[in-house]
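Two complexes follow with chain A in common, the first pairing it with chain B and the second with chain C.
Let's look at the complex of A and B:
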């Protein structure tokens, strides 16, 4: 029996949840391999594309070529954590099929339980997939491969960038999972999640820098979009690891990520608890 | 101590007639009906009681259980269970509650049963020593040792149900709600589950509320039953009293050889069929079969028959619990 089990704490049950979800997510090896191949291929195409643009007119680039390439590879490696189209179907079916009653008879906070579930499944998907892509991308030739962030001159700079990127990734995970929660909760009202998912996927993808890095959007867009929660998902850590956001800018961005995470979690939890008051357990 | 007073809950359901035309119409204009699932529910259940909560489909049984489990918030009325209001202090309340919904699973689909149990231990913060003791006991009594390493998805229904019951008891709840716990079980598993619940109630004083359509469950486990219909409590009493009140006439089947005239019978007895036909009352030589309905003692009828004929077989059946329930439903018009 572990130490943690001897001293049951508030967090202990959610950690147990995290663990069971995380290990369940790790079993899907074929899906992970297919994902790695697709993400690598896509990343490679994109680096070729941006290299072609760069040769055409470097002055049109809002950020350096290396920063752009880093952005692409880092995003491809972490895609299964950032993406706005992955949802946990068991949560949808709990709401629409009525098995939510089995979750409500547990002495747990439903919001915390679902958020844990969603973080765990994203994390379990990304740990299998990120490493091969990051390693291969680091060995690609200059201009196509991933390198340390632009502007890093000393080992200290690299360690700083690495640390801020890691913290920023935690912020991303919290923000993307807490936005995801809003989609789940909306299912209490719509009972069909297809529409909300599609709209959310497109809006979040565009505003979050999935199509093109946000600085490439026309002037003025980035100035506004960088403050939205969507930019706190993938744009923030990718720009930090590219070196576009460095020093105080990077720290400010990470701070904003955690503010968004807190705001989204608090409002999402309030909304869920309100929805539960009028919950109709579907299917008797 | 469970106390419900004047609980009301209604649902809004969208209504539309079938057909494409009405489907298109309802896109623009929805019609809703209000269905009163619980109209006025009041009862009290003491600690350590075992109560059968019965009623026809759609009577409001499951809704009541969901209100008592803190899942549904009623529109009005009060419900206090061990000093707590279920939907207001849900977390504290459910930590002392075990629930088996026969149609839903509390186990995680793709992990071995043992892992689900361990997760439940963590969720309920069960003390490791108590957990070990409960698990050993449940494993032995419900014969789970072969099942613990199997993923839930590969269990048969009967095996899964035994695991579900164990899952509901791993945290030693004070109150147990069983919603159709024997649905789809074979005879051996049914009896195992009933015996187990009876033992649990006797040894630990667990309060058990049993919702079921299987009257043998009710007969085997409970003394008190509460009948609900159309969202109201229709009846609340001891099973033996109800049996007395709703028991119809008993049935006596006699097989005999020889001729017989059965027009004059003792008081309280009447001939239902003779050789499978109604309205016939006398037969000539041969072997025959007569079915009578009787009130009270069958001795007068039996002595009459044995005096007049050569009796070969005789059987007296009392009204089955299912028939009693049918009589009750009929009387209350539910």
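Let's look at the complex of A and C:
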């Protein structure tokens, strides 16, 4: 056998990292159960709230009630993938504690390794949590429960919406994980991540539609915000599954998500490699 | 020997917490700002929705803000001063409760005094700022009875939250660990109780009245405050909510009697 064959393939390494982090994440079942209960309650109260607004003035809604309710439930089900407050504490401590030197010894691209870990951990969390919420939400009465996207008439429409939503979710995962990378990399400069995390949480909450779905912001905001990377996280797939973005609009949104993912990954990797040039590990 | 009053002991505890906190000023300020930013986000949500819709079930923007600020203030006071109950799983887990039992003081007093989480005052700050805007802007004539109403809402609200913390601690006696989903009744109420509970419909009103009497410190006195009713029953509803503390205290006693040390 040649030497090269014994070497694990390029992709193989990262798949192994993915696998390790993914299975580790699946171990936290009790936490997942608590998460499901909380996320369900939050979603339930929020649908009731938007229903109250709907009773008051349906004409002020920027989208249909069903689209709004779909948005809320889909977001709640996928929250652990979209959220801007989940970080891998081992990466922070690698940077601040100096064990980064061990990471650098590995024959891997550091950026690719961290990105893989981050994606895997988000995915494992959402896999444990999403199904119960989606199923229960589908059985709630009309106006409160989740339904197929508005405007879907034939089975073909539903399959199309489902496929686009799934692809959009992959885009979301890449974008949110690559934004997460920027927070890690900034720790090389600040050594204290609390401030950056807080600012990121605020910005993502507002620009990403965590507070209210972006179309509910004052008129004109959405026209601009939809093009920012923050809207490529939860807003895009949730609006697609609500039916607010359909057909060509949905495809364009998904395309933009992947463009942002590519831009963020390339610039993030460049920034990380620059930061690594000036890293000083102070022994210990 | 002269017995030192609980108040003196509490003041001693408080000064210890304060001094230890001041050793990490930067961290304290960051956490404080973090708490504030969370509360500010909650405020922004209300702002954007009420700006778009004007009213919700007849409540104006300013009226919702009064509700939001009072529940946030009640929660942040409860969390600041009764944080010891919130971290009760740790108190049981590390054997601290064994030490508490051998001291000649009331147990619940010691648990509460064991931790004062002053970083949680970040939320209080948001509540104060909101009151500063909403009280003049609401157009309510703040006569003494209305002031009393608002004070009762905040103080009794905080006590009801403390009561819920006590129930969590009671459960910990048996499970030895915190039950994460129970925070629906604390964080959940803080977030969704920013709006008067009657907008969520009758079922939620029933749960929030008879499971935990949150409506008695929220919707009912709020109606008096904003002049929807003149009934004195609404004004003094928060005092009625304090009845909730009796079963809480009994449960706590039951828990202490069944306490088995973890051996740590």
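We adopt the following convention: the second predicted complex is superposed on the first by the 273 of 284 C-alpha atoms of A that agree within 3 Å, B and C clash if a C-alpha of one lies under 4 Å from a C-alpha of the other, contacts with A are read in each partner's own complex, and residues count from 1 in each chain.
The rule we apply is simple: a contact is a pair of C-beta atoms (placed from the backbone, for glycine too) under 8 Å apart; a residue touches a chain by one contact, two chains touch by 3 or more.
Just so it is clear, the structure is predicted and the values come from calculations on it, not from any experiment.
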First (chain B), second (chain C), both or neither touched by A:224: neither
Which superposed partner A:37 touches (first chain B, second chain C, both, neither): second
Partner chain(s) touched by A:17 [first = chain B, second = chain C, both, neither]: first
Contacts of A:57 with chain B and chain C, given as first, second, both or neither: second
Chain B versus chain C as contact partner of A:106, first or second or both or neither: first
Touching partner for A:277 - first (chain B), second (chain C), both, neither: first
Partner chain in contact with A:163 - chain B first, chain C second, else both or neither: neither
Chain A partner contacts - residues on chain C that touch it in the complex: 26-27, 30-31, 33-34, 37, 40-41, 44-45, 48-49, 51-57, 179-181, 183-184, 188, 191-192, 195, 199-201, 204
Touching residues (chain side chain A, partner chain C) in the complex: 30-31, 33-35, 37-38, 41-42, 45-46, 48-49, 52-53, 55-57, 60, 192, 194-195, 198, 201-202, 205-206, 210-212, 216-218
Residues of chain B touching chain A in the complex: 11, 62, 66, 69-73, 90-92, 94-95, 97, 99, 101, 103-106, 108, 110-111, 115, 118-119, 121-125, 127-128
Footprint of chain B on chain A - complex, ascending: 1, 5-6, 8, 12-13, 15-17, 20, 23-24, 98-102, 104-109, 276-281, 284
